[in-house]
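Shared between the two complexes below is chain A, which has chain B as its partner in the first and chain C in the second.
Presenting the complex of A and B:
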């Protein structure tokens, strides 16, 4: 089983190496981090945008999501290509199986993104985040960034639908903005989004919110996985 | 003309079937809600940034997936043996995708209270949509996977978006005047003819048209 999983993952790595995506997956988070670290304080100094420092935590939350989003996005695009090429049904009848196929395409890249997030945020964060906060928020980001890719894989039947669903799935991260801009009861209209509770956890350090992110992500992922299982039967 | 009309009908139906119209209705509504929360002084700038970064680039974002899908479904094989000219194939894609770009942009600008000119603004949006859709077509004809297209997409989007955003922030260098995004921004923001942005955009459009035609001919022949 493990051998089959790694073989399947190697197949994914070969695919992202051959189309050059691996380079982008490695370079893009670093470039974005550099841009944030250098450009945002420069903008504050240049244009006297004194309101911006109060949103530094929001910039950091965005920084947390860059690597896992990129990596799982590359995975979902590979899965869509494989779906259109008719490779998926052939792979899931091998010892890899349905879950193994998804894990080798989404799980591995997501897990590998964890140290990358931690290192990038540690060096490029703008707000005053402690090391333990970085480790915890990186874990939550890594887990919740699986959802957009899962959504694409479960709903889309081909590349074109995949791009459309991907556009919508990107809105799952919208919840991070809510606690920063809506302070009344209306903010809880977005309580179904794990990214909303992730931002609340970042703001308050309340572990109840930490648990809520994990619970919501697990529940939604489980529902999506069930849908994926039915779809490829 | 009839062939172009039939191709256009097919493309619009396909885009409707894959939910592009519903998707952009939803996205447009979200942008309108977001614009509502911005202070009046910011609405014009933010509205223009939204139009430049999303609805105008809609064709670009989706053309890669559309062409790859058509290739995998052997649509291009069928087209290559039909009496369809590459220019009709190109125009059909440009008009059908440009229509969604224009509708979404106009709703955002009208609903968000962003000032616009009745001719130059829609002209700039359509020209921008055509330009970037053609750029996407050129790239899509040369790749075989979606990730390959994304590799092209990121630098292209940076070139398209960054110069006009810097221009809106007050950073205005001579090089920005030569970038297509800044030319489009100037055209959609003004209510009279501007010769330099129009010239710059025309050069890019002609170059993109020539390259797109060359690539589509190769695509249809090789398939």
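Presenting the complex of A and C:
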């Protein structure tokens, strides 16, 4: 494998570790998963919120997104810091390159989040999910969680702007709620969101939806990557 | 090392760089000179493969820059105008990191820091560096992997005379070792001193291209400037050196030992630039 890519990734890890807030982002997924595992059934038992179990799948879908969301948030903040400090143009004219730079900042953490998603969901899920369903949904979550990060680095120019844009970009994930609450044709108004099809796949196990998530994510990522490319040249 | 043929590029629909042609040979220091907004940085971005939507041919180190592969940057060093570092980390950590990106063994960090007089600051965080210290560190960062081609954008700006001289010595030294150097600058003295050839760039096109010596010789005549007292007022006069024998006033003044000052004025590159392009450099 490529030496430059690994050196670049190592620098990302050092930057994150030396930054208190970002370090917290690395461990947050585990804390949040624990909270969910304990809190939701406790609420059902304590307050007899018997409507909750019908949304257990939705809770689980949320569980899938915790790790990649937090980790790619650390990515986008680091990328914005580097852009702000003028390091990005410097790194892309080394053997790391444009694509390699983004891969070492976003791709690596995203890939590394995959096993973490699987472990978290395996131990903390509330609905009945098979192992193969966990592996498949984890893949889709991992991929579609790249979009908010790409959106942030395309639009924002520094960390402060990044935090603001990140809140908006979080809306991309709300597509998952749609099939649970809107059952009529109106739900397809959200068809442009990969998270919408992700929820449909979780409900139906239809591989057409699985493919749609991947296709939509790749298309949108490509567009955002091109925009980012123009921004840094 | 660098062949540019019929290069045309624009950021907008209006023409900017049109049909530009030039070549730079191995081991040459080639200067880009021009006022702000002339297109020097744009041209550099094309040469280093950051801007790829140009037409024509731009070959750098045997590679068309819009079709470069990752190996391209193993042999190219770039000192951008604005220094950039991980400010939280020390000078040595920064250089070590950049060195770790290259396949080939790099110049030891210790030697690099010594070259620009920063040995004592190796373990200080870059956030505590002065502007000039950052410029010097940025400069050695660009040459740590012993590049074949070095792009320097205003390397001496913000440096005191001693450090500026030291940096120019390192640049000349790199050239002597066979490195090809593209030097972008506003500073005429640096250009005259360092460059084997310079290109005057204005509004996206090359207005002149030659050695600084030839440019200065060809364009402007040398002038003799003298001053004297007339009715108690100091007067100043200029006369072309080659017709000095026809200046009777001067001869009278010499005969009467009445000259206050006298000196010849050789044209500087700056004068030549003004004459050719009709523009000021800054």
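Note that in this section the second predicted complex is superposed on the first by the 226 of 233 C-alpha atoms of A that agree within 3 Å, B and C clash if a C-alpha of one lies under 4 Å from a C-alpha of the other, contacts with A are read in each partner's own complex, and residues count from 1 in each chain.
Methods note: contacts are C-beta pairs under 8 Å (C-beta built on N, C-alpha and C of every residue); 3 or more make two chains touch, one makes a residue touch a chain.
Note that the coordinates shown come from a computational prediction; the quantities given were computed from them, not determined experimentally.
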Since both structures carry chain A, what do chain B and chain C do when superposed there: clash or fit?
fit
Now for A:53: first (chain B), second (chain C), both, or neither, which partner does it touch?
neither
A:41 contacts which: chain B (first), chain C (second), both, neither?
neither
Just to be sure I read the superposition right, which of the two partners does A:107 touch: chain B = first, chain C = second, or both, or neither?
neither
Give one of first, second, both or neither to describe whether A:28 is in contact with chain B, with chain C, with both, or with none.
first
Identify the partner contact of A:74: answer first if only chain B is touched, second if only chain C is, both if each is, neither if none is.
first
Which partner does A:4 reach: the first (chain B), the second (chain C), both, or neither?
second
First (chain B), second (chain C), both or neither touched by A:163:
first
For A:16, is the partner it touches chain B (first), chain C (second), both, or none of the two (neither)?
first
For the superposed arrangement, tell me the lowest C-alpha distance between chain B and chain C in Å.
8
Mind sorting out which residues of chain A both chain B and chain C touch, each in its own complex?
15, 85
Chain A - residues contacting chain B, complex
15-16, 19-21, 24, 28, 43, 47, 73-74, 77-78, 80-81, 84-85, 158-164, 167-168, 171, 181
Note: in the complex, chain A contacts chain C through residues 2-4, 7-8, 10-11, 14-15, 18, 85-87, 89-97, 100, 233
Provide the residue numbers of chain B that touch chain A in the complex, in ascending order.
14, 18-20, 23, 26-27, 30, 37, 61-62, 64-66, 68-69, 72, 143-148, 150-151, 154, 169-170
Chain C residues within the chain A interface of the complex:
45, 48-51, 70-71, 73-74, 76, 78, 80, 82-89, 97-98, 100-103
